[in-house]
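Okay, so chain A shows up in both of these, paired with chain B first and chain C after.
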Partner chain A sequence: MIGWKGRSSLTAWVLGTLTVIFLAYQWLPIFTLGLLSFSGPTGGTTFPMNGTSFHWYQELWRASVMNDFKPPLLRSVLLAAACSATTIVLSVMAAQAMRGQFRGNGWFFYLMLLGIMAPGILVGFGFAILMRLMGVDLSWDTTTFLVQVSWTLPFGFLTMLAVFNRFDKRVEEAALTLGASRLSTFRRITLPLVLPGVIGAGLFGFSLSYDEYARSMFTTGPDATLPLAVMAQLDRQLTPEIYAVGTTTTLFSLIAVTLCTVAFWAMRRSTSLRRT
Partner chain B sequence: MSTIRVRSPASYWLAVPAAAWMLGVVVVPIVLLVWVSLWGGRTFSPASPLTFDNYARFFANQTYIKLAGTTVMHTVMLMAVTGVLGYCIAYCLVMKVRSPGWRLALFLAFIIPFWTSTLIRAIAWVPFLGVNGVINQLLMSIGATRSPIEAFLYSKTGITMAQVSLYTMMAAGPVVYMLSSIAPQLREAAMTLKATPLTVFWRIVFPLTLPGVVIGQVLVFLNVMSDFATVATIGGNKHALLSNLVLLFYESSQIRAASVVAVLLMICMLVGVIIALRVVDVRRLGVER
Partner chain C sequence: MDSLAAPLEVMARPQLDLELRGIRKRYGDFTAVDGVSLQVEKGQFVCLLGPSGCGKTTTLRCVAGLEEPDDGGILIGGNEVTKDPPWQRDIAMMFQDFALFPHMTVAKQVGFGLEMLKKPKVGIAKRVEEVLKAFEISALADRKPGSLSGGQRQRVALARAMITEPRILLLDEPVGALDYSLRETVMLELKLLQQRTGISFIWVTHDQNEAFSLGDLVVVMNHAKIEQQGTAEEILRRPATAFVASFVQGNNVFRGRVTGTSPDVLQVETSAGRFYVPRPPDPAPMLGDAVSFSVRAEQITDAPSQRQANRLTARCTAVEYFGAVRRHIFERCDGEVLKYDQFGAHAARIVSGQTVQLGWQVEETVLHTGAPG
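== the complex of A and B ==
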């Protein structure tokens, strides 16, 4: 018989091993992708690498018309920036509205949740039919933009709700008591205080839009965004070039996440400074 | 007092743009899908008579019914695997990792891949699974098999392996949240009253984390049911689930057939979410005010 303590540490070992194995399981494909993107010019899509080089990154740079990832990349970045900006404005407005507890705010909350729950394939497909019936041509900068904001907005909204929940309302009250108007209090006091959260919501929106595939697929029309171009290339031919694109965009996403984390950390620090 | 008056017209108008956007882009298209799936006649127009013919045609085909069954089975299996695995990982992270530094590092290690593109992560599984892939090379080098196993890439096994790595953290996340909100005194009290660790787990810890488990399962369910991209990337053209069928019909311009599948997919999802809502009251968790 093993005692309680022994059994507890046994469980810890078993669970710990499982966790580490799963961690490896999750990370190994990503590392392999990164590693294989540096394989030599004769390297295939799996090991051995046949030397190391930047060949596939160079290939990415001087691409032919067929597999040129630069225009899709530009489109994806512009689209993500537009979605991010729209998300910021609308989610700050919506979260501020929730603070006003307007009639039907419960329904409003569920409407936003629906945007997160509804699968991209249904939303994208339904919207594509709607546009077809209305006779609107599909394009990455109009229809895709509309659909993607419906995906990024709820996340920004939830972020802003959380931010306003943590926010010290007494600062606003002080400004209002001193005779500032509601608008100037919001502009001069509230907004600067929640700014890190706003930036977080924006980066969240950027990252979600930049990686979105299902919604874009139905609504983009002839000019593809980056995930669509990657998928199209995958259908044609699998080369390490795709791995190079994958590695590049993954690094790009990681930078966005880091910025996001730093923004939240800065906000936490500013709130804790206020408390002392 | 705050920058916005309670129940003021201003608060109402501030919510209008977001609400209109969501209604126009999410609600209207989904309602439209239901409508289009009922269109009869030969032409694709709103003037079509409404019939259930499209549904009858779908259910008359044995292949499609089997596909629907496969989809549900596949999803249930993934829910079970990610649920158990996710719970173990969450339990380990919250209860067993004592040092805060390690815990933060592990959390980040789990969350960071979650932030990168799902599509790229699915593609990253391709060099792993092929006939000359990493798994086969590994198996052959340790002498487990002599010839490469072809059962990984373009197979159900491969799809499942990739999806487990993609969605386990979705099942684990809400459990982590619920586990860390359990007061340690509860467990101590039970231990003092001479409950065995197993009893403490089943009678105290698990019931308290149940809402987290259910939310995680709902997330996995919704994502796997609609995940056509991973299936297409790893399954090639050999495997399809219901969501791939939507795409297939759409690409061959069979819009009404595609809407039928989309509506059936939607009904499956609604049923799943309603069952989940019967188990836990998600509203209690969602609105923290």
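== the complex of A and C ==
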């Protein structure tokens, strides 16, 4: 007979194991692709691997293939950066407005969240039809940008709402009574304190836009973004080159996230709220 | 009659640091402040005292400009500021948990007020250094609030508020967040600081010891209204309403109806018996009016002589010993509690369970002349 402490540590082991299995299930496919991207020049896209080499990375770097992916890559990065910046500005503004409790803020909240709820493929398709009706030409830097912001903004908005929810508004009031205008208070007090959340909103904006397929499919026009180009390539021929692209982008994202996490952690440390 | 009417009061009124003219503030159906009027003279130490939810903090926030009253006027130093934003008012505020800026060093946040006034950088650095020294926190200049103790934070918050030398310092429960042992020291320091600088303090508290020991003027609030304002002595000795009498320590409150009047004395019938209270100047309560009155616990005696015309027989239920005072708790015949304080190191005369006749003088009975609460 074991005591309740012993039973609860047993439970912790069982749940921990389940969690590890789940995480493996989530991440192993990516490792598989990464592994296969190192197969030899004659290698296929399935196991067993035919030798190991950097062949597909060299292939990726070679002009012919790079030319296929370089412009979409550039477009996707630019688009993601633009979505990220727009998400930051709009989500901070929207969350600030929600703090003020204006008339109809409940409706505003649900309308914002509609961007998450609505199926991407329908949003993209409907938007494309609407644009066509209005005689607007589809392009990655106009129509796709708009559709993707409607997707990334709610995530940024929820992040900022959560941050402001824990925000002690008396520090703002203290600044106001010390002679700071509302703008100075925002610049000197509010923004520095919610910066980790702002970075988070920006990360959401970037990563959600960067790999968005469904919403881009109908709205992009002739110049494809990276996910569209990759899908097109998959349709034509499947080589480990695609895996090399995937691995490279994943690494790129990991590095970006790591950098942001380190920045975030450093911020936290320097602003750690009233704990001795 | 007075044919020579007294000349109009032309005497210059001492300049007021703050004047509230019937301010009102509602939140939906809830009235937080209901017609509060107050005059604070230059360099006065004012304590707003009342239970939580009585409107004292909202009143303070209206003065700060953090809330805008629905009605009424606010004058600071004689200037109308009712609609002005906080940053244009000649005030500073200290918050209950100090509301320090977590991302700024002590030196940076103490200098914040001057920075907002767009003072030259060199001047700010010099002044900050002086102020940090004056508040004995120079050693903390480069620390952030997260690593400070409660007492240190309190000093930083005070230095930050005082550096611009505002006309009025608003303090919302400023020692409430401190350890009990630290409070009295800090209170004394703040009182001395206030006297030295001549800055008006408006101190919000629910602790009557704070209010009575610090305030030149104590303003007792309840249900969004001012019940009474005056010196500590006036409020302790002559409570104006039944609420004030029961809120401040040491009063026994009675309610009843006037059953007899004479030029000097009113006879009041209460559920605990018949008592006599001094008749106030006109308009005095009439026969049949509902009134309340109180007597302080230390004015009662357990050996009433002829002078103690007010008599009451009650059973002692508890005796509490505080060193200087021995407090006896009695149960009145109407079920209410009666307190009787005995001073000095007398041996205990009454024990719990004993039924005793108590008495007090008519002159020590205080009729409440404000609206009965």
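Basically, the second predicted complex is superposed on the first by the 228 of 276 C-alpha atoms of A that agree within 3 Å, B and C clash if a C-alpha of one lies under 4 Å from a C-alpha of the other, contacts with A are read in each partner's own complex, and residues count from 1 in each chain.
Convention: contacts are C-beta pairs under 8 Å (C-beta built on N, C-alpha and C of every residue); 3 or more make two chains touch, one makes a residue touch a chain.
This structure is a prediction, so every number in the text was calculated from the model and none was measured.
S.K.: Counting residues of chain A in contact, which comes out ahead: chain B or chain C?
M.R.: B
S.K.: Which partner does A:L193 reach: the first (chain B), the second (chain C), both, or neither?
M.R.: A:L193: touches chain C, not chain B.
S.K.: Contacts for A:P222 in the overlay, against chain B (first) and chain C (second): which applies, first, second, both or neither?
M.R.: Neither: A:P222 stays clear of chain B and chain C.
S.K.: Who does A:D168 touch here: chain B (first), chain C (second), both, or neither?
M.R.: The second partner, chain C, only.
S.K.: Given the touch rule stated above, what does A:G135 touch, chain B (first), chain C (second), both, or neither?
M.R.: Touch partners of A:G135: none, neither chain B nor chain C.
S.K.: Would you check which partner chain A:T177 touches, where first means chain B only, second means chain C only, and both and neither mean what they say?
M.R.: both
S.K.: Does the superposition put A:A12 against chain B (first), chain C (second), both, or neither?
M.R.: first
S.K.: Touching chain B in one complex and chain C in the other: list those residues of chain A.
M.R.: Dual-contact residues (chain A): 173, 176-177, 182, 189.
S.K.: Chain C touches which residues of chain A in the complex?
M.R.: 168, 170-171, 173-182, 184, 188-189, 192-193, 270-276
S.K.: Any idea which chain A residues touch chain B in the complex?
M.R.: Contact set of chain A toward chain B: 4, 7-8, 11-12, 15-16, 18-19, 22-23, 25-30, 32-33, 36, 44-47, 90-91, 93-94, 96-103, 105-106, 108-109, 111-115, 117-123, 125-130, 133, 146-147, 149-150, 153-154, 157, 165, 169, 172-173, 176-177, 182, 185-186, 189-190, 207, 210-211, 213-214, 217-218, 227, 230-231, 234, 238, 242-243, 246, 249-250, 253-254, 256-257.
S.K.: Which residues of chain C touch chain A in the complex?
M.R.: 64-66, 85-87, 89, 91-93, 95, 97, 99-103, 112-113, 116-117, 144-149, 160-161, 164, 170
S.K.: Touching chain A in the complex: which residues of chain B?
M.R.: Going by the criterion above, the answer is residues 1-8, 10-15, 17-19, 21-30, 32-33, 36, 46, 85, 88-89, 91-93, 96-97, 106, 109-110, 112-113, 115-121, 123-128, 130, 132-134, 137, 164-165, 168-169, 196-197, 222-223, 225-226, 228-229, 232-233, 243, 246-247, 250, 255, 258-259, 262, 265-266, 269, 273, 286-289.
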